[in-house]
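Both complexes shown next keep subunit A, but they swap its partner, so subunit B is in the first and subunit C is in the second.
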Partner chain A sequence: MIRKIFHFILQQNIIILFLSLFIVFGIFKGDLFLNGINLHNIARQISFDIPLALALTTVLIVGGIDLSIGSVLSMSAALTMGIQPTGTYFAVLIALLFGILIGFLNGILITKGKVVPFITTLGTMTLVKGIMLTYTKQLSIAGKDESFTFWGDGSIGVVPTPIIVVLIVALILYIVLKYTKFGRNLYAIGGNPESAYIAGIDVEKNKVFAFMISGFLAALSGVLLASRLNSSTTQLGLDSTNWAIAAAIMGGASMAGGRGKVFGTVIGVASLGILINGMNLIGVFTYYQIGIRALILIIVVAVDAVTATRIRENLQLQAYGKRD
Partner chain B sequence: MLQTVGKFIINYPSIIILVFLISLGAFISPVFFTSRNFVNILWSVSVLGIIAVGQTVLLITGNFDMSVAYIVGLSGITTVMLQINGANLITSVAGGLAAGVIIGFLNGLIIIRTNANAFLVTLGTSALVYSINLILTQSKTWYAQIDAFLILGRGKFYGTIHYSVIIFLTMAIFVQIILRRTIFGRSLYIIGHNPKAAKYSGIQVNRLKFGVYLFCGFCAGLAGLVMTARTGSTVANAGVGLEFDSLIVSVLGGTSLFGGKGGTIRTIIGILILGVISNLLILLNIQYEAQQIAKGVVFLTVVCADGILEKKRRSS
Partner chain C sequence: MSESSPLLWMKGITKVFPGVRALYQVDFQLEEGEVRALVGENGAGKSTLIKILSGVYQPTEGEIFLNGKKTVIDHPSDARKMGIAPVHQEVNLEPYLSVAENIFLDRQPTNRFGLIDYKKMEVDASFWLDQMGISINPGMPLGMVSIAEKQMVAIAQAVSLDAKIIVFDEPTSSLTQKEAENLFTVIRKLREKKIGIIYISHRLEEIFRICTTLTVMRDGQVTGNEKIENVTTEDIIRMMVGRELKDMFHRKRCYVGDPVLEIKGLSVKGILNDIDLVLHKGEILGLSGLVGSGRTELARAIFGDLPYQKGEILLNGEKINVHHPSESIQNGIALIPEDRKEIGLVLKQSVMKNISVTVLKKFLKFGFVDEKKERKFASEYIRQLAIKTPSPDQEAQFLSGGNQQRIVIAKWLATNPKVLIIDEPTRGIDVGAKSEIHELLDQLACKGMAILMISSELPEILTMSDRVAVMYQGRICEIVYRKDFSEEVIVSFATGQKIRPLQKDVVVC
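And now, the complex of A and B:
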């Protein structure tokens, strides 16, 4: 029984991190941290990071990675604001379609061009950034439609609207990944592309779809941010990619592919959000915060790699019949 | 004879592209085909070239370093800070180079110890170095104090060609000889081709990988010194974008992203292609933003070609 509980706790390490961060800041900065306004702010803040981290979770599951999400975010924010005079929701539609299009491009280049996902998405990252800078002429674009700010800046009761939107999206993604054939195929492809292919799964098509989902989610984050700020700047999404990678891996996804949980990723983003909020409350200077974020990314990636190696070795041991 | 020419074209498509671009440039712009313009092109790419030498060697072993951009900033900042605090020329230059090597050490250590994805680890150290740069400079511009130091970036050899260009070309040729003619260099190709086979044939894979990361850090540090000496000042994000450019030029030259293939002489050609393209875009008055798009398109085309060719090679 105790052993079972112990194992359960080990598996849920992200939840433990979340709770311990919550308790630590609650004890040391209780008055500032644990009040309604601050929690409301955290919830709003993380709601723009959740879609990005979910985008990465989806591509990590199929054994890929998407570095272009930061650029897609800023471009779709620019489109949302830029096309708004023609029609607010028409602009949102175009922005989301743009994200899906870039995801499609990534997927095609990776599956047909035979390029590793890192390199492809590094290329599209630069490409989309160039398109964004050309489109905006390196200027900020202000929104014309005040009512549109409801989606990013408004609240339903005490709950911020964007967190409701992203949690609904997360729920849909959860159902798709867990209970549909498509979702299960993604896990199979990430776990072992060759055996997935032999089992009759269309590996290339499913991969392209995964990247399209990633593009869509990145664009969604851009639309929500544009709504929150009622403007778009060229600086949006600059360092969010690193952040999203850290959150997704903390939440249970792996660079080795085949693993990843929607719920874990959401908790991962929330933990990082609390950490940032806590650092701000304590008064950690921005320059040091950049360093701390970088350290978190390095540690998360390193731990993930060590774990993946250990799992692989265990599998090999089992295959040779030498279980320890 | 024709066959040899055909073979040459297939093996070195980058030379054809370069010749085409130069003739195009001579056709479009009257200023392009002047010796002064060529000296300028070489001078403008020399910083990138020094970085690309390190990056190419890493690519040959199948590794990446995305932190080179901010190492450029860090080494410049270290040198300038040392000079401001009264260090002499030799000490400050050594300090700058040491800063680059230390980051290379960090990258190599994490990657060989944990076997983690080189790309992500160096992305992380890149942000880490950026934060160090910001803390050191406080987002201000700092100026070099010793005039003799500036010769490294601005000085010309008998008034004809810049010292930085000579450093870059010498390094590229020297490294190429090491790659091709020594056991150490040849081992790097084997590691890139098949790390497992390299390990089983008695090559110290991790030790060599570590050494190459140190070398790449050193190159980036040296490039940072050249850049600082050229402008006479330094800022926290001095080298931003160079990590991407160094990948582009290596692949343009014919170094494969899959490892095991390439060389630094090829990278010189890749550098020249990029230099001529940016020079032409400037001469044609095309905006910076459009240049970004052009770079992205060129990069994607080249890596796709590389990927498809590699696939064919492996299957045949």
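And now, the complex of A and C:
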């Protein structure tokens, strides 16, 4: 019984959190919170965080972590703006390929170089940041093609374009993770690498692909942000990684690997988006907000660590209990 | 050999690991429709042979022929493609994926868009689970089912592969009688389909029931190939054990003194149940039982590594509270863990540093380590325990298994313990080195140390122990005294076939 409740909460906690945040802010700041313009803003805001959190979800599932996504975001934004004079969509293509390339590099270092994901991506994070600062000469780059802002700043009807783009990407990722062998293999690798290996899964190749997906999604976030701002700045993506980790874990992913859900992560990002928005409406001082964000990340990761241990112990106890 | 080439022929297989030769010139054959038992003591090399067959290890020497064709099995996926299906142990499954997904890992049925067809997968899984005679919801996460069911899932995975060779490694160890019967029915069906089966088990009565032929291994070599109708239990045991009694180490009988460690009513929720145990000065108390019976957990609880809810631990008549290993070490309790490579040793550090790590405080001079003193101290232990190393600075990884185990023992002796708990003292150690470790333990006992020795190897338990505590399902179900020692007695208690009302541990000397 306890196990069932436990399981249920594990599955649903993010939706409960999301709804309660919605209700709390709806009651206390209903006039400001529940109006169309505000909701439109929240939707636009979170659409830049969703790809990052999905990037993290993918690598967490396979038992890794990717700290380089923030840097990849800023570099891909810089490329999108910097190469725009040559061709708007050519620039987008280069930016996305750059993200995939960094993901590939991460994957190769982790699988062939046997460097742990944390250190590998910490390294590439700094590397990419260096490349970005060199490339931009530490300056912002302004966009030249006004029409390109449609993707980040425009709307289709009342719905912001970027959220549509991002939700389509999320849907594709959902299908890949849930309905393809490749996706299921990622879960298998993160859940029990030994088991995956003896089942004949090519663990290394699949890991590399997971990191390439991560790089691609981070770059996509950069492209959309560049479109939204019609410029790139060196400050983009600075603390996005923390945020993405928190959202992914709230959505059901685990630092221990083998778990993670696209839908959960999207709701996780939305919950955090509502929280920020709500704090702004209530008038929480910006610097306090930074502290609160950090606190959320720490709490979420701690809860994840405790639950992971609890699940393991529960399984053990239960195994003993049923031994007759 | 028959005139047609056999289904499987592993020829002259040798496998060397650093420090240990696990297999030497092993020949192994399997025909279609044959159920070949593979038996031997722990460490005889059965698992290594199977890992080579399933592509997890590469042989150091030797060749593998499938249907007479020479084959190289580089990777588990190769083995699978060639129709070799090992049944994995339940720990080698995916806890977060569903039962059905575990059965069809990496070969899930797909629809015409190439997407996984969960419905078909679960229907197919149900089919195989029915064949096994178990009814669990295939959509359930594997982590939620019992160990026995997990074992059946692992079997379903291998059987559903449509393989030519299936390997069962101790498949019944966690199954009930009824589930085991279902498994035997499945095996008979597979046999009729001309599938070759390798069946590893310690339970000889099972082997007589379902196997057609038998291969016995001992110390990494094959010691017998027989038809099952030509052998008796005694023959098998003789081939397994092989050595005459005179080759085995004989303990000096020493004086057993006062109680040192007393455990009263120790319980850990769901794992240990009301454990009473007394350990005396100069005694070696064997702790026997199947894997999962709570042996290792009992050791961890005594050592303060596993919190207990009820009961007390007395050291020299005084109640001690152990909440953390560091407190136990101060109290004079040392635990030498089973897996010395993982937790007992720092392989890449020198012999000296490995020995001195537990007592580094002793050598501090103004907060810095006095290396001269440290070296002298370590050298003394190297001499005492006859550790074969060119110098105290040699890295531990280059020493043999037996010498590595000595380093681990030295490191804990350095803490000057009154009670020594040692888990599987000779696992993965060559036969020769084994008796040397045994001699060492005997000497320690004679010097008055109280030793609790956990071991899965019955000969070791029987030769080394003064008394044997047998555990079954988290309880100590019997204390066997030396005069009653026999493999049969201990096995029957350890497998729960014989359960006496709990009797309190009485002091006999």
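What we mean here is this: the second predicted complex is superposed on the first by the 307 of 324 C-alpha atoms of A that agree within 3 Å, B and C clash if a C-alpha of one lies under 4 Å from a C-alpha of the other, contacts with A are read in each partner's own complex, and residues count from 1 in each chain.
What we mean here is this: a contact is a pair of C-beta atoms (placed from the backbone, for glycine too) under 8 Å apart; a residue touches a chain by one contact, two chains touch by 3 or more.
Source: prediction; values computed, not measured.
Engineer: Under the stated touch criterion, which partner chain does A:Phe22 make contact with: subunit B (first), subunit C (second), both, or neither?
Structural biologist: Neither: A:Phe22 stays clear of subunit B and subunit C.
Engineer: Name the contact category of A:Ile119: first (subunit B only), second (subunit C only), both, or neither.
Structural biologist: In the superposition, A:Ile119 touches subunit B alone.
Engineer: Regarding the shared-chain residue A:Phe104, is it in contact with subunit B (first), subunit C (second), both, or neither?
Structural biologist: It touches nothing on subunit B or subunit C.
Engineer: Identify the partner contact of A:Ala305: answer first if only subunit B is touched, second if only subunit C is, both if each is, neither if none is.
Structural biologist: first
Engineer: Please indicate which partner A:Tyr197 is in contact with in the superposed arrangement: first for subunit B, second for subunit C, both, or neither.
Structural biologist: second
Engineer: Using the superposition on chain A described above, determine whether A:Tyr174 touches subunit B (first), subunit C (second), both, or neither.
Structural biologist: The answer is neither, since A:Tyr174 touches no partner chain.
Engineer: In the overlay, answer first, second, both or neither for which of subunit B and subunit C A:Asp239 touches.
Structural biologist: first
Engineer: Of subunit B and subunit C, which one touches more of subunit A's residues?
Structural biologist: The larger set of subunit A residues in touch belongs to B.
Engineer: Looking at subunit A, which of its residues have contacts with both subunit B and subunit C?
Structural biologist: Correct list for subunit A: none, the interfaces share no residue.
Engineer: Taking the complex as given, what residues does subunit A use to touch subunit B?
Structural biologist: For subunit A paired with subunit B, touching residues are 109, 113-116, 118-120, 122-131, 133-134, 137-138, 239, 242, 245, 255, 286-291, 293-295, 297-298, 301-306, 309.
Engineer: Inside the complex, what are the residues of subunit C that reach subunit A?
Structural biologist: Listed in rising order, the residues of subunit C that touch subunit A are 54, 56, 75-77, 79-81, 86, 88, 92-97, 101, 105-108, 110, 114-116, 143-144, 146-148, 174, 176, 269-271, 292, 473-474.
Engineer: Which bits of subunit A are touching subunit C when the two form their complex?
Structural biologist: Within the complex, subunit A contacts subunit C at residues 3, 7, 175, 178-181, 184-185, 187-188, 191-192, 194-202, 258-259, 311, 315, 317-324.
Engineer: Please output the residues of subunit B touching subunit A within their complex, sorted ascending.
Structural biologist: So the residues of subunit B in touch with subunit A come to 64, 110, 113-117, 119-121, 123-128, 130-132, 134-135, 244, 247, 257, 287-297, 299-300, 303-304, 306-308, 310-311.
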